Amino acid sequence: MNEWNIGLAMPEWILAISALVALFLDARTPYHRKEGVGNAVWIGVIVATLWSIMQGFGLDGKEYAFRGRYGLDAFSVLFKVIFGITAMFVMAMSDTWLKRVDRGHGEFRLLTIFATMGMFFVASVEDFATLFVALELITVSFYCLTAFKRNDVRSIEAGIKYIVLGALASAFLLLGIAFIYGATGSLLLRDLASSGAADQIGHAGGALLQFGVLLTLVGLGFKIAAVPFQVWTPDVYEGAASPVTAFLSMGSKAAGFVLLLKVVRACLGPMADSGLAAASSWGALIALLAGLTILYGNLGAMWQGNLKRLLGYSSIGHAGYLLMGVMAFNHAGFTAILYYLMAYLFTVLGVFAVVVLVNGLTKSHRVDDYAGLGRTNPFLALVLTCGLLSLAGVPPLAGFFGKFLIFRAVIAKGTVVAYSLAAVGSLGVVVSMYYYLCVVKRIYMHEAPENGPMKTISGISRPMMAVLWICLIGIFVLGFFVQPFMSLAEQAASALLAG
Amino acid sequence: MSWLSIVVLVAPLIACGRILFMKEESDADRDRIRQTAIGWSTVSLVASLAMFLLFDAGATERYQFLVEIEWVESIGLGLILGVDGISLAMVVLTSIVIWTGCQVSRSITDRVKEHYILLMALCVGVFGVFLSIDLFFFYFFYEMAVIPMYLLIGIWGSRAAKYSKEYATMKLTLFLTTGAVVALIGLLAVYFEAGRVGGVYSFDMREIAKVTFSDSFQITWFPVIFLGFAAIVPLWPLHSWSPIGHAAAPSSVSMLHAGVLMKLGAYAILRIAFDSLPAGAEHWMGWVGLLCCMNILYGGLVAMAQRDMKFIIGFSSSSHMGYVLLGLATMNMLGLSGAVFLMFAHGIMTALAFGLIGWFYEQTHTRVVDDLGGMLKVLPFAGTCFIIMAMASAGLPGFANFASELLVILGAWKSEFVLAGTGMTLPGWVPTMAAIWGIVISATYLLRAIRDAWLGPLNPRWSELKDVTSRKHKTPFVALILVLAVTGCFPSLLVNKIKDGVGKLRVMQSAPVQEEARR
Amino acid sequence: MTLFAWITLLAPLMAAIYLTIKPDVRRSASAPNIAIASVAVCAFTSLLFLVSGTELKSLWTWMSFPWDGGTLDIEIGVQVDNLSKLMLIVVGFVGTPIFFFAKGYMKGDPSIGRFFAKFALFVFSMLGIVFATNFLMIFIFWELVGASSYLLIGYYYEKPSACEAAKKAFLTNRVADFGFLLGILLIWSIAGSFDFDVIAQAVQDGNLAGESWKLSLAGVLIFVGAMGKSAQVPFHVWLPDAMEGPTPVSALMHAATMVAAGVYMVIRAFYCFGAEFGVASDFIVMTGAVTAVLAATIAVVQTDIKKVLAYSTLSQLGYMVMALGAGYYAVAMFHLTTHAFFKGLLFLCAGSVIHGCHHEQDMFKMGGLRKKMPTTFWCFTIGMLALTGIPFLSGFFSKDLIVDALHKRHFGGLQLVATATAGLTALYMARSWYLTFFGAYRGHAEPHESPKIMTRPLQFLAVFSAALGAIFYFGGGQEYLSAWQGPGTSPLHIDPTIAITSTVVVLIGYLIAWSFYGKGQTDKGASLAHRFSPVHDLLVNKYYIDDFYLWLVGSIQQGFARFCRLVEENFIVGILVGWPTRFTLWSGDKLRGLQSGRLNFYAYCFVGGVTLLVVFFILAGAQ
Amino acid sequence: MTVGHMVTLAGVLFTLGIMGVISRRNILVVLLSVELMLNAAALTFVAFSNWHGNLDGQVMVFFAIAVAAAEVAVGLAVVIALFRLRVTVDADQVSMLKQ
């Protein structure tokens, strides 16, 4: 555990090297010829992801690097692959999107790979210092990405809001970490795990520790957009460029959940194991937040006329469902979260891929401007519809099985709180069905206005086409051929619970 | 022969996939798509009829044509297909309605490909529900049927009085979803309780049916599952989605919707709520006996005040489903068999009704009876079919509706409805009288609809209309009438199988014990 | 023989199905022939059964259920006994001539195939009632009879009045069937079976001794069913309107057989109850009396020849019901039989007249047809005389026995009523006879005698109308039906006092008719109507009963329906579903109001959220 | 000076930072306030590091400072971009994205 074992972090190394190469190339090429940068980034992400998969095959239990501050187990491998795929999809989208932007191609790709690197690190976090830095690596990259369209005041506004609130959250996170450190004298997560139960024995550090965990959760709650730290989400989703929003909604949220799961397990796991009273009040707190998040996201989304903003609200709602899994706090719950995120990957990125393409044509994100998509672009309409319905949780699509597992995990608790949360969750399902179907209605039931911008989109790039197909197939496969993915999620959840 | 149940389920799925890769550029292409859909639905029909013939009503095992495929082992989830007497009737009903529905929707010419893909997807869902013996897949298919329905109504539907088709279809979808999610919570609670009490965490209904739950659990959770599914039946006052849904839907979809989808709820109550929570059913069904009277009478009266034919049939459906609920509430052999039989009969009958109304809506673009009049003169075939339908619906002997309603009434007469919580008992004759009076009401509005639309002097606006002439257009209507008449004249064909299924329900087996306890 | 019985039952059904699905038959003459053949089967077998003295019962299990430890079998069967044999004869021997007549009457109708399909369907349904072995079977065919009646009354569907009449007939019967079905259910719960024989056995064994009030109630409820079909007050309103159907239909269904089915059914049912039935008889006999008088008075002012006969039918059904109430079932059956023949005859004559006058039905536009249509005239005369009970024609025997039965049962007042009604009968029949056949022709189109195919059935029926009463009375008809005698009754014999009294009353009736309408004059009657215009109005408006029902259905029930629709639209959709929906939407709107867009406010929310969490944390920790 | 005092001081600084973030409209000042909060957290680290007698906390402070710098740098860059577009650094002036 105490060896350096640098080779274990090879995916991150690969990303770092490709980022450096890209930086170098970026400095050497004129602004309109950034293909080299793009290639470097692509190669980096692909190789890193493949490497992670290889690592996954050879993995036996848990391995450590950097003297125990970096760990690799089934859980981290799973998320590295998820992040890798996310990054690839986002890059495919940004390649399409960047064609409409004349400057900053290099920077955009660089920021993408930096954020990806942060996510890879996040998946392997074993102590709070790594956690903080990895998280900030992601966040700061996203600050830049959000405000990327510097001639668009909406983008800038989104950037400012994200930066200020993000920094605020970072401050809380840092303070929380400081308190945890104060209570335990260590920054290692596993030390927290070992002291979590012990601290309950009348030790003064107990309150400090719990307070620290609370503030840490505030910081992470911001990342996953849980109530009451959700206010930034719709604005940033709306203002940022579509590929960035896609990256935010999948990558950033998943990273937040990875950390949340790790912290929660380290902190609450021992508490729950020893059956302490505090565990149930933490459970109630998370249940409360989950319920509020579901309600806020889904109710707010009903009135949105802007698809990206709608997806922002819906993303809050999904955070709520994922928190339901956290509330369950058991193997089933973690499995459910992991499965949900896997499903969410294909679903939400499929949706955003279509959003990017349609925006290129109509220059609009208004839901009304999707009218007639079903007739002009049947394939895109199919992907978008399947994506939205999967978000709503309709079988046989991926989102359904995720939601089913979440509900299953919560109801397994069998308590009044659990049943109430399930009831709130089901209300959310119904409401979400409403607003997703409102979009579907535009797509299929409304006709595109005469002389409107809605036409058949041609010249979809190959990577983009691949993204669309993979997402479509993924949505169906994860919804029906569950077993392989389920066992992946179960293995990862076991690895997480094992520590 | 268990592969038959797979054939039934998979045939529409294959059709779905096949049509997805067909092109739709010319009329010939469209015809090819239609033929594909009809062809595969014929496969389902033949397979389900084969199941019907091969089903052994006296067998000791409850489910036949069993297929078990492990799905997610760790949570005890498997794709288990099979039929008992009850689901057999429903599968046959579905395959008939779908087969005719595919033919009736020939008239759709816009986006034919999408239409048939969605129709077939809907079929997969419905067949899946009736064939699944696994709670998860039951729910899975149940939910799966909802969205194709949404799109089918929303895209190819028509305005329903003052409501737009978008509104109607959204309302329908949200109601069904709400019901489904509520039921899901109940199902999961049952699943876990079964695991806790019985030791095996499994979604297999056969496993769950072995577990005896505590009375308090049953009494708490029965209403949840029941109400979740009752919204689809639809139980009064949860019915408001159904008439406008019917009215807005294109003909093939309203056929499926009224004919089959509404039966999903009652079937689910019978299969899940009654089978896993018999004591809960015993406790609560008295209230249903009361509420379904509202269904019967209120639905009929509202139908009486309607002028749009689809609304008339729509409200009449909710009235007729009241009989189904009444049959369920009786909790005895006659009532339950009658309820299942009525589900079948009503399914065929409404399919016929909506097929016909849809057909002539395409000719006239109106469904309001005041705009019509004397149509029998120009449309003798359609009119005759309609009158036969109305007669069947009004409970004329010789059609399955009569036989089944008679069974429900007999069952209700011999039953007592304990109103849990009030200490009162509703004697059997009260709902029975409501049920019989409901027949009078249904005759009233149906005859009035016939008189206003079909009889009387011909409205000159319609003198140019063309009747159903070609054999292929007549086939679905004739087929449905034949089914109604054959099962109506020889109900034993179907009832023998239904009563086998009903007799193996847990409610039936535990009833004497509980009655003794009550004494 | 069993096979014959089944064939008799099913032959008309086959004909009906064949004629429905084979539209090309209707062009040729074969459609009527197929239907006639299917009815002739019935006439043939009825004779066969009568001659061979067959008694049989054959059952087919329609549905069967495990029930109460045993099984509950719902059966369809055929039962041949003296009662059903007699009824078979009525159906066969009245039906066959009427079918022949219809072939002529409907000639040239474009959808004659459809007509005969429905007509054959009716015969099938009627035979089902005749052959029925149990209450459920009788109910099934009861409904079928109602439906075929609906179809036939509404045969001229382009006439709004015909559609309306058909609907009215169906619905009135449905309301009555409400009682019928309840009665059946009640008997089922008392006796545990639907089968007539089983119930009768149970009653005889005294197993149901403790249930006598329930049995009486069941009897009344079943009688309510009969009141619907047999058009007893207050369910009588549909029958006169039913004359909108083609005349052969009126003759067969609404005069001879279908309306008599109620009486037949009551005999079948009450025989089961045996001695247990008693309390309800007053109700029944009163119903019959009221119907008899009411209908007879209305008939006096009718102008439509078929309507006169229709009200006359009502009135005669009232007689039968009185006999039922008195417990003399065999006498009721006797009157049923004779009535079937002479009323069938009268209707066919009316049909012939209508046919001859080119579908004119108003008697005031006829007159003097005695010369133009001699065969019809003579047949009508025989029918009229038989109906009014002129001695030694069939009505004389059956009607007098009913009066006698009332006398025997000490319904003194009703005996008077019955006798007076006989006078009224003579009055209105003679009135229509004079108006139609005497005086000068008042119509436009030239009348002509009907073809042979129509007059032959008239002559056939006329013979029976004249002779059947004597045959039945002297041939031991009552003894033949002795199994169906009510408790404490025995075969009756003509009582000279009663016979003479009623004959005198009838003759007075004829005299009055002659004085006002003799020789086809119309002005005296009109002036009388003018002088007593309130009474005349009351009668013309049928005692305002129809209007009352119209109000009941149109205002009360429809109002209730509209109220339910309002509830649906405002309460269910507007509040029960609308409020939660609107609340959800409203809360979504308010929630998104939180997103003010202002950075400081966002930070405020963030920090506020943290504060709340901390407070929660402290509170939870404090516990 | 005990750890308590230092943590209290950090708490006060942190709260001041919060007040600044909430109340000030000027985005530059808001960023400054956030900086203050981050530094308060860093101070806490130092205090606990001293208390526990290990250096983990102080190492963490370096990371914190570096990250804070990065955040502020990005923040300022975006504020400049805003100023170029709108000639304002008032937070209330940028509230197009709402509801």
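Order of writing sets the chain letters: A, B, C and D. Residues in each chain are counted from 1.
Just so it is clear, a residue touches a chain if its C-beta (ideal position, glycine included) is under 8 Å from a C-beta of that chain, and two chains touch if they have at least 3 such contacts.
As the structure is a prediction and not an experimental result, all values here were calculated from the model.
Tell me which has more C-beta contacts between its two chains, A-B or A-D.
A-D
In terms of Cα-based centroids, which chain occupies the most central position?
It is chain B that sits nearest the middle.
In whole angstrom, what separates the CA-based centres of subunit A and subunit B?
42
What whole-Å value do you get for the distance between subunit A and subunit D if each is reduced to the mean of its CA atoms?
Here the centre of subunit D sits 25 Å away from the centre of subunit A.
Take the average of all CA coordinates in subunit A, do the same for subunit C, and state the distance between these two points in whole angstrom.
Their C-alpha centroids are separated by 77 Å.
Counting in whole Å, what is the centre-to-centre distance of subunit B and subunit C, each centre being its mean C-alpha position?
One centre to the other, that is 36 Å.
Of all residues in subunit A, which are in touch with two or more distinct other chains?
Answer for subunit A, listing residues that touch two or more other chains: 160-161, 164, 168, 172, 234-235, 303.
Could you list the positions in subunit C whose residues touch two or more of the other chains?
592, 595, 597, 599, 603, 607 - these are the residues of subunit C that touch more than one other chain.
Name the residues of subunit B that each touch 2 or more other chains.
As it turns out, subunit B has no residue touching two or more other chains.
Looking at the whole structure, which two-chain pairs count as touching?
Contacting pairs: A-B, A-C, A-D, B-C, C-D.
Residue numbers of subunit D touching subunit A in their complex, please.
3, 7, 10, 14, 17, 21, 27, 30-31, 34, 37-38, 40-42, 44-45, 47-49, 51-52, 54, 56-57, 59-60, 63-64, 67, 70-71, 74-75, 77-79, 81-82, 84-86, 91, 94-99
So in the complex, the part of subunit B that touches subunit C is made up of which residues?
171, 237, 239-240, 298, 301-302, 304-306, 333-334, 337, 374, 376-377, 391, 395-398, 402-403, 406-407, 409-410, 413-414, 429, 432-433, 436-437, 439-440, 443-444, 447-448, 451, 454-458, 491-492, 495, 499, 503
Subunit B touches which residues of subunit A in the complex?
Touching subunit B: residues 332, 374-375, 378, 389, 394-396, 400, 404, 407-408, 411-412, 414, 419, 422-423, 426, 429-430, 433-434, 437-438, 440-441, 444-445, 482-483, 486-487, 490 of subunit A.
Residue numbers of subunit C touching subunit D in their complex, please.
592-593, 595-600, 603-604, 607
Which residues, counting only subunit C, touch subunit B once they are in their complex?
61-67, 72, 136, 139-141, 143-144, 147, 150, 154, 157-160, 163-164, 166-167, 170-171, 174-175, 177-178, 181-182, 185, 188-189, 557-558, 560-562, 564-565, 567-568, 572-573, 576-577
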